[in-house]
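Chain naming follows the written order as A, B and C, and within any one chain the residues start at number 1.
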């Protein structure tokens, strides 16, 4: 738009947007601030914002009480593992649907997405039984598989929409140039789709990281990720705001940091590849 | 080696027949152009030869061997796409080297072939750039480079110049013609532009609705079109096609006369072999002037006149067709010999 | 591009995804269906045989059933409405020229990164606690009596928490869509004399139709299975029990697998009805 924007307009926009942005961000900011307070300051009335004696003791108490490292490690294993497994299954499937479409392609895609609507709670007990049978209960492997399955439709859908943007010509050129199907996918399609794959991976890691039904119901001591770590603070420790805040900050920090470092891909990913 | 034979080839997409049973022989070293309006099946035909589509029935032979079920990679053909289809994530060097890498050639050989191709195509300075940093003409050259390093039995070109501007298109046309001169490899070239077809081909295949209308050298098609479609499609400006009473005078359903096969004078009288009309819009090209003459009984007729012809809008004129260049067609639109 | 070769390769490569999802769907669902016709109390006698449709009848006639359906629809519906409307407004604002757009965008997206258990806990304790929560402080500051959010207004509270989590997503998709709007179109409308409001309704809103569809589709998928937010805040008390949560209680808390399974089948049916409705709309609006 080649139009002069008055700086007054721009100022108003800026003030309004920042105000709303900060309002939306406030709960997170408040949590982070509170994590550095003592319990007494945390519940002070009127609330204290910035001017208090900053302390790290909450973090060490939380760490002492529950081994944060192990939960974190489980979260990383499950999120990254389910994403890699998902990609291995989804890339070929998305290739098929994007480049060799048939009359049923759209139905298959919608069907896949609709499996995500099945209420997890409806199959909780059968899965529970199967997991006991297979010895997967409270195991990182079991959770990885489940999270891969529940996010698979999203991964396929996203990759499909990114692959659709790649001109078929280029894949055909590769075929004419003597590339086998494997080489075509490995050397031509995948490198071209890197931004899309990166977005898919980021979104999927977030979804897996934050998944809080299966992770709460299929784990106990061994495989529990950060969602379970934090759920253990629901009561009565929830009343200790500073410790709750420290634990919360520890649970969300990895994803927040990852998100901020990869903003561009993430924004693309957050639109589920559906809007350009 | 690069002869291709199509035997009774057909192609249908669902219930739509895109190519009707079709036979065609392409000899080694020929420059064959498939030409026709959009949707005539010319690109599909090329893709069938390439192996990017399966034939519905019939056989394709390459160098005398049945290649119908051979995948595209193994047919020994190279293709230049309309969109160039360069690999955007690879440098020019890697683009050109890709087919060689797929063929698992040793690195030293790959390097020297890429250097050679780059030299021929004036791409040496651009080898380390990516396709996104090149102009349209340069991308086109990279696409050609990628196909020549394979030393294929035949080159397939799918409307390669249609994304270039007019000036560049002329240059590239010349370069492709020179390439054919120096390589002497079979080339099959698809275009909707009959000028490209006329200037490049040894042999033109005119297609319409999945059927071959005529095969022949450019001059053959120009001088002896087999039917009205070819007559109207080949040549620019188009042949004047006249039907009705004036055609019956020449014992034909339709007659055709090219703009250059008429003389035109101011004034004059009408007769059986002299047509009268009024000058409409003229296109002055410098060397020639194409005059559109509005007539009462023939419709609008385009005549080629010398560049300095002194006729202007509204002049009454008389045109005299050169009867030895008059084309006559019957009810079915076929030429009467 | 479709040769016999590539088509069979395509089938081969699509197969794992289809088989996995089909298995993931069918195996447990069949088991649920089986249990739903049995009296099955693992802690009180185990599998006590075939009971026909007893579980189905009991589940529906339970006093919690219809309220739970209502709660589910209220949560999904309210969150959708709130996030779409606020999302459009916020997207329009963020599309305006301003300083620090990138930073504001990060601030707005941030809630999406927060895991549901964390956001539920933070909201519940630090904001909605009637004694020490920030809202309580705020209310007292204005001389009002603090509200006991999660017991007196449990549904609005849940809707608020969940909306906060999903507003970033809606905003981002809608913002992306607005940015893809051809500015010439808007300028042409301006030349034609369309006022700001009519430009919004006649050009921007129709342009957003596809994006809104996607927001609704994807959010519905996730909202139908809202779990942790309820688990952590009210535990299903004070009328905040969704159908999912009700089933969860039957299965896990009262260990009545048969009854819970029948409920599960109802939930599947409900999800299917919603899915079919959505897919109709989406199929039309989404040229996949």
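In this section, a contact is a pair of C-beta atoms (placed from the backbone, for glycine too) under 8 Å apart; a residue touches a chain by one contact, two chains touch by 3 or more.
Since the structure is predicted, the reported quantities are computational estimates derived from the model, not experimental observations.
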| item | value |
| --- | --- |
| Nearest-to-centre chain - CA centroid comparison | A |
| Higher-contact pair (C-beta pairs counted), A-C versus A-B | A-C |
| Where chain B and chain C are represented by their mean Cα positions, the distance between them in whole Å | 58 |
| Centroid distance [mean C-alpha coordinates] between chain C and chain A, Å | 16 |
| Whole-Å separation of chain centres (CA-atom averages), chain A against chain B | 54 |
| Residues within chain A bordering two or more other chains | 172 |
| Of all residues in chain B, the ones touching two or more other chains | 52, 71 |
| In chain C, residues with contacts to at least two other chains | 1-2 |
| For the chain C and chain A complex, residues of the former touching the latter | 1-2, 6-7, 9-11, 13-14, 16-18, 20-21, 24-25, 27-29, 31-32, 35, 90, 93-94, 96-119, 121-127, 129, 132, 134, 137, 140-141, 164, 167-169, 172-173, 176-177, 180, 183, 210-211, 214, 217-218, 220-221, 224-225, 227-228, 231-232, 243-245, 247-248, 251-252, 257, 260-261, 263-265, 267-268, 270-272, 274-275, 279, 282-283, 286, 288 |
| Chain B to chain A touching residues, read off their complex | 50, 52, 71-74, 77-79, 81-83, 85-90, 98-99, 102-103, 146, 150 |
| Of all residues in chain B, those that touch chain C in their complex | 51-54, 71 |
| Touch list for chain A against partner chain C, complex | 1, 5, 9-10, 13-14, 16-18, 20-22, 24-25, 27-28, 30-31, 34, 43, 45-47, 89-90, 92-93, 95-97, 99-100, 102, 105-106, 108-110, 112-127, 129-130, 149, 152-153, 156, 160, 168, 171-172, 181, 206, 209-210, 212-213, 216-217, 226-227, 230-231, 233-234, 238-239, 241, 244-245, 248, 251-252, 255-256, 259-260, 263, 266-267, 270-272, 274-276 |
| Touch list for chain C against partner chain B, complex | 1-5 |
